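Both complexes below contain chain A, partnered by chain B and then by chain C.
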Partner chain A sequence: MVIKKETIDLLRPEDDPQEATAAARAALREPLRDLAAYHMDACVKCGLCGETCHVYLTDPVPENLPAAKAAKVVRHFRRYHSAVGRLAPWLVGAKELTQSAFDEIVEAVYGRCTGCGRCGLNCSVGADVGAIIRTGRNVVAAAAEVPPNLQAVVDNQINTGNQMAITVEELKATAAWLSEDLQLETGDEDVRIHVDEPGKRVFYLVNPREVKFFPLSLSAAAGVFRAAGENWTMSSKFYDVTNYGLYSGDDPAAARITKQVMDEAARLEAEEVVLSECGHGFRSFRWEGPNWLGEEYPIRVRSILEVMLEYIEEGRIEIDPGKNVERVTLHDPCNLVRWGGVSEPQRKILAAVASDFVEMTPNREQNFCCGGGGGMLSMSEYGDRRVQSGAVKADQIRATGAKIIATPCHNCADQLLELNKKYSLGVEIQAVCELVFNALVIR
Partner chain B sequence: MQVGDKNIDFDNDGFMVAPELWDDEVARAIAEEEGIDEMSEDHWKIVNFIRDYWKEHDLAPPVRLICQELGVGVRHIYKLFTAGPARGACRVAGLPKPDGCV
Partner chain C sequence: MLTAERIIVASSLVWAAALLTWQLLAAWGGGRKDYSARAGSSARGVLYNFTAAMSPARKEAARRHPFKFAVGMVMHLGVVVAVLKVVVLLIKPTAPPIAPIPLGGFLAFAAAATSFLFVRRFFSKNLRPISDFDDYFAAFAVAVYLGIGSLHELNVINAGTFLLVGAVVAFYIPLGKLRHVLFCPVARFDLGRRLGYRGTFPAGRAE
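Take a look at the complex of A and B:
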């Protein structure tokens, strides 16, 4: 079901604080259009959400309670959208939304929360705290008060087509370089990174981080596609699987980012969009995108995990788990698993391609956030907290005794790299497709 | 961090607040935090290349350029800088944190 939203036309005030506040108040009406309005009023202040939250567990101060973070948003919602809040705001703790309120909201919904949704899943009354937090981010974005380093990433996506402002020439040069290396490595002259080829079945999106700093997962995906005989291409301009509008709370920007990519898929006449391993990118393109655009996509969108599992189950690729002998565990990205519903393909794949795959505990939809989600990695001002909150994940990893952490998310991978360093875990972090590529049997 | 007579400040991500204060001694001190006991010739080659590129373009270079210009493999870079080219090598080179998912 698509919930029609008119947010795409929402004006973005730039300079006038009066207008900014008016737009922010308007954004508070957003949840009324869906079930989130119910969640706004649901909290009974039991406080049990504390122990579900990696931020609270590693720094148990009252302001880190998920309920307390949500309350920073709810009090303004109540002021305008409940009868008592309108008439006698002091009775229900309702608060006027003024320009001076944004610092506190920003601190709560960006600075102390990754929007991982674990508290909402475990809430004693079923309140979707993550949805309330995101509404808070909608409000902040409508007032153009998003933390600047996070906003810069959104701006890059809109102005250049990708979050790292990589030029078209650079993308092409990188694709050529990787293709050459891959041909040398595999001895297969025809394997390559396909770019701007119309009429291919699959239009593949990647995280610009793969292009600029960590290309082994892109090479691996190309190798797996080749082994499966897949017809695929990237675009040299719109290939970015991420959507920082989800993190910033700027739905009109998120809609534009979605549209530029889906238009490119149509231009290249692809039959299917396949998303590289990216948690929030999956949630954005697979689930949120149609809501942002206000219409269904004309073509299917899947994660490469689902596609790779299909290759294995249909016998399109041959694999040998004996090629991955070190113990592997899996970190579940919140946006892919808890929010996105893709939980089993990555497990089935790892069980098939590695000879010693173990789960960390808890896992699947109960998995803890690594601490790097919600745009945290781009907001240096919260770097200390981010690393501190990752202690929960570090403990989970250590308990598995694994040498390799597979994670289908480049954002998580960066946080895990840092946790590896700060908590001396002595592990290696890989994308799932790298393990698949390594296990390929090529005849 | 005190390096010689310089007081070096870092942001919450560990990147230099004032990149112009960077010198070889500062690089060595950051490298030590990265678990690099001694900066080898390859470490220096990469760090200096990143530094020069950044001075010219105000951007961190893509890993492709580092590999092609210096003739090193990408896996070798990950071995030398275990936190990766961005949070590892760029940090040692005294750059501000690159934008985005890194």
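Take a look at the complex of A and C:
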């Protein structure tokens, strides 16, 4: 869905339920413009998709069948945008979109699906169920029926610039003490977290979770940048790599979040935006963002994985895999790999920085979602189901015998931390840049 | 010379083609420009999604359900054969059955496979809740069509009956789930195009 810049400020659906439902019906028309309608008419409900879904595998009830979740959206689309659905709705199961229908759609597209897209890749006929699910989220967002905890994250991003509502002062203070720690650790007095420095080549975006709870990955990235001689900065206001508008289905909000970050990149006169390790953040800023804005970016956007691999291949950083001797495996974030096309840089990096790197099976675009995607982590009402659905990933991890799980995604890392406890995996979860930093040879 | 039957079936085919084309164009909407910077090749993505990606080795849904996948394949091959028979009769109404025993037998087998899918939909705990009249009727219509095609190939019934049943099925194509005959390839094209553009496709390194 393309949101023109001039419409970005026309946010928040109406409070009037009737108008909200009308807005949702209008949102159902959007697929007609971005081809999701094809996928709706491609699904033949053969039912073979169940075992491709981690939610179904861990709770094999009919409601968890990907085709069943898609059907909750398709039936309303047919009611308004197909001749048969209008004239003889009973024939094709078309249903009116009423206020009461939203509960069922919310349960199907937020509560039982992370939008990981694995079912679409393995669909016997090639229907992209993920596109249908996201259309369902668009419809719910248009009616202002997004689960409140998920909506609160989106609101935080719009109102404060970051999803955790971290203040500018807090960010600057964190950057200061992290810099001091890093200087002590490396003995390099010039290494630091650069904030609000215009004219630097790289504008680096991070997950606020790094600032608030897990700063090791931020200081690791700073250490790697320093070792490579990179010219970089963060912003004290718009540094958030996440975009929960992707999850909520609120495309105008997603566009606004994208715009505030890209405007900041322009203000800082950066030549490139580098995204910290974040699956949905990569998909949002790299792929969906320009389409939400309806224009091409003036500067390049890359993942830090691509940048770190470049440092290694160009010899800008020296590494010693002997510094990471424990067995390492890799969890592939769905939005980075399946929806983002980045699967090899992280493998090449891990093969270079760890002495015992092993793959999970299946992997790359066939990976299973950890269960924490799709905004699940913010929706506490689905917490038990989220952890239960992670059993598939827990089994994959256990089979590798690895002691360290590297994952280039902070949402996945949060979920893996919970799975580690729940399923007694006895592993350590790290970002890829932490392993690179640990392997750095600093002279 | 089956003139009336041929006109009816030809009209149904024109109707189906016209409505499907209209639905395709309505959904296409002129396409959509992708403003993101390309990382791969849409053409290679589409090619991959129509070739290697369709093999059971890359399709878990097929790999985990080999029997059901095979049943579906038999049904679809049967439909192709039956449609070709209609085409032959449209061109040459006096044409004799092509290969009565092998083709008639295969069409009977395909009709049985389709009947199995029809019955399965009634009894499957997963499929029944998501099935509508359309899902049952489409399977039923195709099973009858294949069965009649088999009987015609075996010279049990006349060509007129086969053509009229074919006309009914063709008339129904754009109205219900049978339109997936068009939308499945289009959906496959669309996903291949998008993931090819992003560099996810062609895939194949996954273990």
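Quick notes on this structure:
In this section, the second predicted complex is superposed on the first by the 430 of 443 C-alpha atoms of A that agree within 3 Å, B and C clash if a C-alpha of one lies under 4 Å from a C-alpha of the other, contacts with A are read in each partner's own complex, and residues count from 1 in each chain.
As a working rule, contacts are C-beta pairs under 8 Å (C-beta built on N, C-alpha and C of every residue); 3 or more make two chains touch, one makes a residue touch a chain.
Just so we're clear, the structure is a prediction, and the values are computed from it rather than from any experiment.
Clash-free side-by-side placement of chain B and chain C is the outcome of superposition onto chain A. When the shared chain is aligned, chain B comes close enough to touch A:414, but chain C does not. Chain A has more of its residues touched by C than by the other of chain B and chain C. By the touch criterion stated above, A:198 is placed in contact with neither chain B nor chain C. Touch criterion met: A:153 reaches chain B, while chain C stays clear of it.
In the superposed model, A:174 makes contact with chain B only, not with chain C.
Once the two complexes are laid over each other on the shared chain, residue contacts for A:84 go to chain C alone; chain B is not touched. Contact with chain C, but none with chain B, is seen for A:291 once the two complexes are overlaid on the shared chain.
The overlay of the two complexes leaves chain B and chain C separated by a minimum Cα distance of 25 Å. Shared contact residues of chain A, touching chain B in one structure and chain C in the other, are absent. Within the complex formed with chain A, the chain B residues making contact are 11-15, 34-35, 59-60, 62-64, 67-68, 74-75, 82-87, 97-102. Chain C meets chain A in the complex at residues 23, 26-29, 31-32, 34-37, 39-40, 49, 53-54, 59-62, 64-65, 68-69, 72, 124-127, 129-135, 137, 175-177, 179-180, 183-188, 190-191, 195, 198-200, 203, 205-207.
Within the complex formed with chain B, the residues of chain A that make contact are 149, 152-153, 156, 163-166, 170, 173-174, 177-178, 207-209, 211-216, 242, 377-378, 380-384, 410-411, 414, 417-418, 420-421. Those residues of chain A whose C-beta lies close enough to touch chain C in the complex are 2, 31-35, 37-39, 41-52, 62, 65, 67-68, 71, 84, 90-93, 119-128, 286-291, 293-297, 300-301, 337-344, 359, 361-367.
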